[in-house]
């Protein structure tokens, strides 16, 4: 089997699995909402990986843009208008805007310093969410709102009560986002990002304004991360500061690494494993933090290339 | 009003001293080994809880002496068996590893000592106010400032006068040359890590007396320490010290006028510093790339 | 008009003076070599021309324009390309992709999120042309990180050439190569110079290569110009011999 056929086959399998997920999730002991969560967090991890794996920039604070998307969506419904599409748009604008501003401040930094500054900046929004009680609901989270049925003009889709319908809405948006990212990565612009990842000095001396390209990549990544955030809030009709916490940022990174940073679909696979594990562990033991922590350590020590990285290696040898 | 302001400035200075103590340890490790030790807060908590368990047997002073050393020993082991394996790899991996360790340490303290906050006994004569007008000037607070000052002084003495310290500084500047000159870089990094963790442990013993003792004590202090390093300047220990004190005081002052922004203000400050001077207040040129 | 004019340029690193008042003029179509003993400041001099860091004093003109303060990528856009002493490539991409990136940059497409079929075809054609010229066609789909040292160097030179530069700066193109590879790279450089009429400035250690290729040679020693002239002038210069032999004897 040639590499191309194999690639096409696995692509078809991935989409087939995603399209039918609500119908086999229960059979394997899951539930539709768990599947939706995999998609949403997978999208966030793939958005992060746009930076991490394909631009080579160590961003560790993506919970900020994810969380801003989530709060933006929740607050739009609660304070502005009962519209799901509006909520998504507002959340995405909010997260992307924050990414654009913070990105501009940090594009000169590299490596561990970039990581440290992104982590630290993400905390601002965490504290705002906690302290600005009147608007954000503080520690208890933003409640008293829910997603609304989609009005298509000729009819309504009840995404509120029908969780399968909501799953497919998420899947459509996921497909668009992922398609756009894939398209970008295959474009001349996408290749400049690979160039920066591979060898920044060479890229600079081929005439690339590195900072501009890293900034763009950062903003694009924040855009899709905040889209994932809006869907996360809509999924549970609730959002609390945990979505903005640095531990959430770390979770996104571990998903990307676990699945394989160098492969486009890796983070989705990582998200699936992580979400299922977290779901299982947190419902079986109070010490889930230790188990997740241990999981981090094990992945780093024994599994640095991730699932897809390992598979690809095997296929090669 | 003046008194309230003074109180909060002084308070900020003390909190800033903790940030600085913790950030100095983080900086040592970051500068020599390129590792962001996310678990630093976890080590701080270990130091605090060890002191809590030791106080009934050896008293406060004994705990102050022993607990940081025990914490540092745990740090040496963690470096030896886990972190050391990752120096050759992308810094992403050491970051994730210490991230996982932070989870384990926080949960571990919760498992051993419980999730409730615990009473932390400090000597009576340290807790009484020294002046009725400036009620906040308790002996313990003054004592903490003095002790942090002594610890920082000792650290800078070690770095500039002892053989280990000079090697750490030389290694920070140019690790390759130092290793060619026959210095055992593995041992150097190990001891340096231990030194950083010692400072975290010490900060823990002191902080518990002021902030109270519960398992999240470390994770509340770690982020400000990052900010201290960034504001103070990457690669510069005096900068880290300055950064820690500065954000402590600024957030103390903000508490007076706009209490709900007391945490956010340090991140705003970080943004301003990065905008005006990307390498930080006392940062070295060329550290960014 | 001269293509490159370096006027009395110096660079200090703290108390160390790496380059001290060096002046160099390169005419279009010329192949100029810069030689000198180790630590003579050759690479620093190159870094000043390509904009790696700014000079402490002096001025650099490119095609009549003052570029002293321009960042590297702007110099590249003006037509100045360079290679490095230690080959700088994109190791985990294949030869085709390595060349495609500079071709797209040179075509002003670096921010394009998509390509038309015709643009894509044009780019492929140009990449194929460059691979042919560099003798890399058979290795098109190999990862550059897995190629031989000589092929990596050829890739790097062709990447620079993909930018359609008016001036090519080569920093020790044959460093660390065996005889066969040195010969191949020299031939490639000669072809670019003679067939394409490219202006080239190169730093080189291998004297066979220098005397074989260069129209004129500049000798640097301790950061300053020791001698300048045709290969014959330099070969017969007593000052130069003294500098080299002195170093060799020491």
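For clarity, chains are labelled A, B and C in written order, and residue numbers in each chain start from 1.
Here is the rule we use: a residue touches a chain if its C-beta (ideal position, glycine included) is under 8 Å from a C-beta of that chain, and two chains touch if they have at least 3 such contacts.
Please read these numbers as outputs of a predicted model, since none were measured by experiment.
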Discussion item. Taking each chain's centre as the mean of its C-alpha atoms, which one lies nearest the mean of all protein C-alpha atoms here?
Written reply: A
Discussion item. With contacts counted as C-beta pairs, which pair of chains has the highest total?
Written reply: A-B
Worksheet entry | Between subunit A and subunit B, centroid-to-centroid distance (C-alpha), Å | 32
Discussion item. Rounded to a whole Å, what is the gap between the Cα centroids of subunit A and subunit C?
Written reply: 43
Item to complete: Report the inter-chain centroid distance for subunit B and subunit C in whole angstrom, where each centroid is the mean of the CA atoms.
Response: 48
Worksheet, complete the sentence: Contacts from subunit A onto subunit B in the complex sit at residues 52, 58, 60, 102, 105-106, 108-113, 115-117, 119-121, 123-124, 127-128, 131-132, 246-247, 250, 253-254, 257, 287, 289-290, 292-297, 299-301, 304
Discussion item. Using the touch definition from the top, list the residues of subunit B that touch subunit A in their complex.
Written reply: 30, 34-36, 38, 82, 85-86, 89-93, 95-97, 99-104, 106-108, 110-111, 223, 226-227, 229-230, 234, 260-261, 263-264, 267-268, 270-271, 274-275, 278, 287-289
Discussion item. Under the stated contact criterion, what part of subunit C meets subunit A in this complex?
Written reply: 50, 71-73, 76-77, 81-82, 84, 88-93, 97, 100-102, 104-106, 109-115, 156, 159-160, 163
Fill in: subunit A residues within the subunit C interface of the complex
183-184, 187-192, 194-195, 198-199, 201-210, 213, 216
